[in-house]
Amino acid sequence: MSQDAPPPAARPAEATPALEVKNLTVSFERDGRRAEVVSDVSYTIARGRTLGVVGESGCGKTITSLAVMGLAPPGLRVQGAIRLAGQDLAGASEKAWQDARGDRVAMVFQEPMSALNPVMKIGRQIAEVLVRHRGARWREANEEAVELLASVGIPSPRLRAQDYPHRLSGGMRQRAMIAIALACKPAVLVADEPTTALDVTIQAQILDLMIELQERTGTAIQFISHNLAVVSQVAHDIIVMYAGRVVEQADAQQLFAQPLHPYTRGLIATLPDPQRPVKRLPVIPGRVAAVSAGHTGCRFAARCALADERCHAQEPQLEQRGERHWVACHKVENA
Amino acid sequence: MSTASLPLESSPRPLSIWALRWRALRRHKPAMASLVLLLLLAAFCFSAPLVGALLHVDPNATDLFERYGPPTATHLLGTDEVGRDVLLRLMVGGQVSLAVGVLATVFGGLLGIAVGVLAGYLGGRIDAFLMRATDCMISLPLIPLLVVLAAIDLGKLGIPPDVAQGPDVSFWRIVIIIALVDWTTIARVVRAGTLAVGRQDYVLAARVSGAGTPYNVGVHVLPNVATPIIVAGTLTVGRVILLESTLSFLGVGVMPPTPTWGNMLNNAQELASSAPMLAVWPGLLIFLTVIAFNFLGDGLRVAFDPRATK
Amino acid sequence: MASFTLRRIAQAVLVAAIMSFFLYVMLSLLPGDPVDVMLEGNPAVTPELVAQMRKLYGADQPVLQQYGHWLARLATGDLGYSNSQFKPVLAVLGPALAQTSKLMVLTFTISVALAIVLGCVAALKPGGWLDNVISFFAFACISSPAFWLALIFLMVFSVKLHWFPATATALDPNIGLLEQLRYYVLPVLTLTLFNTGQYVRYVRASMIETLNADFIRTARAKGLGWFTVVTRHALRNALVPVVTLMALGFGTLMSGALVIEAMFGVQGMGKAIYDAVMMKDFNVAMVGMLFATIVTLLASLAADLAYGWLDPRISLQ
Amino acid sequence: MNALLDIDAMSVHFKVGGGLLKRGQVLRAVENVTLRIEENETVALVGESGSGKTTLGRVVAGLADPSAGAVRYRGGAVRPAGKVQMIFQDPFSALDPRMLVADIVAEPLRLLGVDAQERRERARALIEQVRLPADAGDRYPHEFSGGQRQRIAIARALVADPELVVADEPLSALDVSIQSQVLNLIAELRETRKLAMLFISHDLGVVHHLADRVAVLYLGRLVEVAKRDDLFARPSHPYTRALLDAAPRIGPRRVPGAGLSLRGEIPSPINPPSGCVFHTRCPKATDLCRTTAPALEPAPGRPVQWAACHHKE
Amino acid sequence: DANKQQLVIGQLQYLSNSHPLVQVNNTKLFLMGFVQRPITAFDATGRSVCILCATKPSLENGLAKVVSLPGGQKGMLVTLKLRPDAKWGDGTPVSASDVAFTWKMASEGTVAFSNYNSWKRATQVDVVDPKTVVLHLPKVMVGYDTWDQVLPSHLEGPVYDKYKSTEDYSRQSLYNREPTNPGLWNGAYVVSSAQLGTEVTLVANKYWPQPPRIPKVILSYRGSATALVQNLLSGDLDALPVSPGGISFAQMLTLRKDHADRFNFPLDAGYNLERIAFQLKNPVLADVRVRRAIAMAIDREAIATRLFEKVVPVARSLVVPANANYSDAVARYPYDLAQARALMAQAGWKPGADGVCTNAAGQKASFEILTTAGNQTRLQIAQVLQNQLKSICIAATVRQAPIAIFNGDEMRKRRFNGLSLSSIQFPPSASPGLMLGSNAVPTEQNGWTGNNFSAYANPAMDAAIAEADAALDPAREKAAWAKIQRIAMDDLPILPLYFYPASWVVPKDAKGFDVARFDQPTNWAEQWTRQ
């Protein structure tokens, strides 16, 4: 939207963040009408930091991360700036994107089973990245793949490298996926719900692994999840998305201690917590808004108990409300 | 806060799944064009009595003095090798060809549905047995098999000679043998569909509530595998029309003088150099019909399956 | 793997045995008996002659018994004699098989290669103009009566343009390889078109499905170019569901080329079987059809092996 | 009080990998489980993926037969028609896309032979009760969102006045903001209708919110059964403890290595480990655990908290 | 020009084996004319002439004699003198022992083979010298001067002696094992390569007295008549015979219209009779008035002029006018609907409401017209017949039967219920009894043999046939034949339609084909030339 909106930054102090996304808008046209899937999203992630992205299904988390990878599905129009260590790739050629992908920016997907090529050996799937970007020979690359497998905690990596994905358990597959992503030590890792398909016990293991690896390599991570609790366990900073928009952005502690947006508050409140049992859980009424065209006003207004005419008429912009806290809501003062 | 009743956002008139599909199909241009073409072709074929009455021509009337006649006001497409009206014979032949295609598909489809539903819903040994049988059927050489079936002596099967030699026997024989041979695709499709539907939670829910197999097959499975059946059936009609023409070429199809596009084409091919149009018309009509069925089937697949890519 | 192959072969043999009975019964339901055909148009047939020949060909025994005899002889490796050509069945079907094999191998290779290329190209941009053209081509191929196509090709390429011979058999067997290939152009073209049409549909559908798979996105996220993605990652996956269909197509070529063989004067398997059926040459028809069945079974066995090789998830134990 | 449902030393085994000419292996999905559900009681079933929760639920609902042991409903082997119903995880596949919502909801009544008029009325009443718009009955499922569909499924499950409902992860496919709506609805209906419930979930927060008692499954075996508060406050089995520890909770950033986390992953139910099946991942495992399977017994000093462990807390 | 040195002839039917006497069909006969010559054959005028013999036996030249047999019956002695220069392709002379051997095979009957002109007629064969035999005939018969092919005793003799059953012999015969052995052939050509079903190559027999002008002939087999035409037009084939065994008339006529510049189309009427056989079992057709009505309702003239563009004469009788025994003093059945209707009325048939006649007994005048599947010409005629019969209120349906059923069940076993269309090879030597004699009715007892498919039986006819068969005096023979033809056309068990012409499509440069033949034209293939 407006170009002069304050650029929110996860770590404004650092000169060139690992990833900077500015005014990212993803839209498509159907039957002559334009609809925005992601609207005017801006954020930065510094080296060694993790940005959590939360939001309900369909709010544009995946599309955002695909856009960052230059992999937005055909038919979608991506506007805005995507800077990898300062280099803007938004309008770059497919070749430039290909050179960046897997090398400087890598991605871990939700379903480790379907995200791995079922007919290619694990080791080769890892080595392939090294061959592509490091110009390595297959033989050397295979060796390095074994080391990478070891580094993500896969037991007997040399044997596992010769296995096909179906022979690995879900957790192992996700570890292999991470090994692929980290093969070239990318500056930015985009993880799209990397633990959603896993059991809680395995989820804990993977989260630990990601934190450890980040501490070792200093990779900036964009961690996407619909689960606030999970995000709270890994993220330094968090953005909350609703219907394609960022509605709140804050330092993790800040966000949970003092959520400002009614949506964020609702989300936190609706989670049943054994520590604070209640008879009836509070609810956010209604259902998640569909991305729609020609929208006016706050996208959350229809479900918001506080909404008034202004909310329905005018779309709120992200505004800074704390040291590292931004929120897009007309009603924050009243909250 | 308590759960509030929610207003619905969609249109006030409820659209059934079929209405939605029809809408999707209408958007699929090749399929719609094919559907229109097929309707036109059917209309063309079934208007034979009308056109015959209008032009005062009898599709079976031979006239040796008007062989290979050029197009005239009465014979719009000219006459054939024994002076019959080509246009009318194309129409009548089309009726037979379409009838062979549709009937063989329906019979084969019923057989395939029975086999597929039994295999898919009952599973276990019955499934294994039926699928083996299907594999066996598929491994048989199709065309020679049809040739043999077409030549089988019905008398040896104990069918009384007056039935075995009735005037329509060659038509029904072709319909039946093609149906007997061409049910495997539908059987597989239905089995796969039944397996998929049978695993759906709504079928399980019905079972929990006390539904038995017949109920589930009738109420849930069949309506829900209708889509792949329709798609496979559409493609089958086209394939059957082609098969009939091939059998006609081999001299074992529907026997003249009952015209079909297949045997008209076969008749005409001898005259390909002198009266090429006699071969062009039925060939073209077969081609158009079959390709239309193919496009329609493909369109149906896409329109009926939101997942299918264009 | 070896045990899987053995088990599948055992299974194929079982199926073939069942099919042989089925075929036997069907062939015995053909009208007339071989003797009638042999005596065709001979006004001087005598009753003794008929009785003698009928006995000779076992036409006077019940079917089951005939089948028993047939099996017993088969078990000793005796495929029987052709009662129209008076040669061992093998001597009749051997050359036919040689003829057909040439057609089959050429056709199969070309159509598979062509289908893979066209199918992949079409799948890259579903709904694009290239896809539309290829799809239309594929539909047109599978919608044309084969003999009609053959006829058109004959009229255009042989009669009008004189580019290619109208037959698949050169009169002079000593011509060069290249010259010989010219003879195969039209029959192979006709067969190829039909097959390619089918295969393109399969490949395209499977490829589209595969290209939508998550691991393709992973491959792209690695920075691989389209060509590598398609050839290294998508193709092998996309071929998995296609090999079985192609294998069945291969089996069909064995006997289904009959129409083309008749048009181009190839005395191949299809033609041999057809003639045998028409002449009531029981042994040839029986062995020919059984052989075609076995080829299909073997082809699907090969497909299963290829399947196991293409897709490691399928364990062949 | 009379038990509504008695699961008695029940096992479910599947044959896998077999073929025409090949012997298969036995997969022990549920092994020797004994559990009772009282009237009007909600028992939650938790455990990792593949631990046999769904399989157990299916047996209770009558969708599968036990390979050994028995499931008794009010002491009898036969479940009265309509008295047990089930709610499924995926609201999209739980409704026949070709049926009107009213017909879907009324299906259990139709199967009970209730006449059309009464069917319509009772379905309408339930549609109202689950807070769907009044005209919802005349629509098709595809017009509804996931949460609404789950309500339709709940309406269907309740229309025939069941005594026991098996709910297999009814919330996990829903959005966070919708989950609490549905969760509240379930809790409310459970109370107003005096339902007993077998509630399958992997979300311990939800389980805590809803359950009276909790049963923990590991590799098909019951490893702990206890009253909710006892279990959450003082888990007896190390596996239960690990589950509670691993459950994500809003809080500070993780510090890897802190807290109890399980090694490795759940083993295959085809070749379960010897002795205590949990010993391969258990931080407390001893040689005894490797050889001898522990019985499900009350934890020391806690008569109503049963656990299957040699080293219960 | 290499092209002039060879001739590629297309063939339609499938040649299953190359034994001259086993499974003989049109295709086989066509091939045999090149390579296996008969002792005698019929020339352009229908007279029997010597091919392998030196002098044709006759009563005049004394080589044939009527003798009294012990039982008081009359028999004949026929002396065959073989051409001194007739040799097998390996140089062995064609000898008296070959005749004796062939006769032995035929008369022993342990080996079943088709032989149109059976050696079986002789009861004894005396070998006089290497080139002379005397045949003993048990009765007086007209065809004493026509004799068929012989087999090489020096090659086939040992095989036959060893394997004396049809099955074994057919398998072991050199004709089937080694068809390219030149010693098997005694015609102007020998087989140099044989790919049955595809191609048979013939080259000149070095030992044939008159070397063929075209050194190499290739017979090329196709599965479809269309393919034959296309192959001809594309230049892959040089020549095509017109049916049977080649293309149809319709195709030939088209070619003649469109490609007169490239090909010649020699043709003349032959001896192959196309006829309708009536099923006399059918009560409708048992009435001769109905048969006559049918004959008059069918416009045979139009069929000949329209379908065959006047190339084919309407058959007025059983034999071609060129035949010495032809008689036109027979009933004519011109196309006359009024009279045909009158005849139907006389026979008690009245048109019903649906346009189909019924009789007093309530029967409907309806039956089938049966033809062979795959024969376009016949199918066309059948459709015309069907249509024309409508005008005398007969509802006919057309049915095509595959050749195997047609010959077997339908014709031999006489299952067809109305009219059937088929042809019969009716060379001058053939006895009319084959078609019309009451002893030629196929029955269960005789194993369904014989060609009297209508089951026609008339003592007067039988007597006339016996007379004709034994009439050695041409005048008496002609008189007997006239009687036969008259009775046949009065009773109408069969209705002759037309005679197949012997016709060809040959390249412009080809000469020597343009003789009308009563026998296989290939018997004179050495006279063909290409200039």
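In this document, chain identifiers A, B, C, D and E correspond to the written order of the chains, with residue numbering beginning at 1 in each.
Heads up, the rule we're going with is that a residue touches a chain if its C-beta (ideal position, glycine included) is under 8 Å from a C-beta of that chain, and two chains touch if they have at least 3 such contacts.
These numbers were taken from a predicted model, which means no experiment stands behind them.
K.L.:
What's the minimum number of touch steps needed to get from subunit B to subunit C?
P.N.:
Minimum step count, subunit B to subunit C: 1.
K.L.:
From subunit B, which chain is the farthest off, judged by mean CA positions?
P.N.:
Centroid comparison gives A as the farthest chain from subunit B.
K.L.:
Calculate how many whole Å lie between the centre of subunit A and the centre of subunit E, each centre taken as the average of the chain's C-alpha atoms.
P.N.:
90
K.L.:
Indicate the whole-number Å distance between the mean C-alpha point of subunit C and the mean C-alpha point of subunit E.
P.N.:
Spacing between the chain centres: roughly 39 Å.
K.L.:
Distance between subunit A and subunit B based on Cα centroids, please, to the nearest Å.
P.N.:
Using C-alpha averages as centres, the distance is 51 Å.
K.L.:
Could you please state the distance in Å, as a whole number, between where the Cα atoms of subunit A are centred and where those of subunit D are centred?
P.N.:
Their C-alpha centroids are separated by 32 Å.
K.L.:
Find every residue in subunit A that makes contact with two or more other chains and list them.
P.N.:
In subunit A, 280, 282-283, 285, 287 touch at least two other chains.
K.L.:
By residue number and range, which residues of subunit E touch two or more other chains?
P.N.:
In subunit E, 224, 226, 230, 233, 402, 404-405, 409 touch at least two other chains.
K.L.:
Residues of subunit B touching 2+ other chains?
P.N.:
Only 2-4, 6, 151, 153, 155, 249, 269, 272-273 qualify.
K.L.:
Considering only the defined contacts, which subunit E positions touch subunit C in the complex?
P.N.:
Its residues touching subunit C are 8, 14, 16-17, 19, 22-26, 109, 112, 114-116, 118, 165-167, 170-171, 173, 176-177, 195-199, 218, 220-224, 226-227, 230-231, 233-236, 402-405, 407-409, 412, 424-425, 430, 434-435, 440, 445-451.
K.L.:
Within their complex, state which residues of subunit B touch subunit C.
P.N.:
132, 135-136, 138-145, 147-149, 151-153, 155-157, 238, 242, 245-246, 249-250, 262, 265-266, 269, 272-273, 279, 283, 286-287, 290-291, 294-295, 298, 309-310
K.L.:
Would you mind writing out the residues of subunit C in touch with subunit E in their complex?
P.N.:
30-33, 36-53, 56, 81-82, 84-88, 95-96, 99, 147, 151, 154-155, 158-159, 162, 165-167, 169, 171, 261-267, 271-272, 274-275, 278-281
K.L.:
In their shared complex, at which residues does subunit B touch subunit D?
P.N.:
Its residues touching subunit D are 2-8, 10, 14-17, 20, 128, 200-202, 204-211, 215, 219-220, 223-224.
K.L.:
Can you list the subunit B residues touching subunit E in their complex?
P.N.:
So the residues of subunit B in touch with subunit E come to 60-62, 64-65, 67, 81-82, 151, 153, 155, 161, 165, 167, 170, 249, 251-252, 255-257, 267, 269-275.
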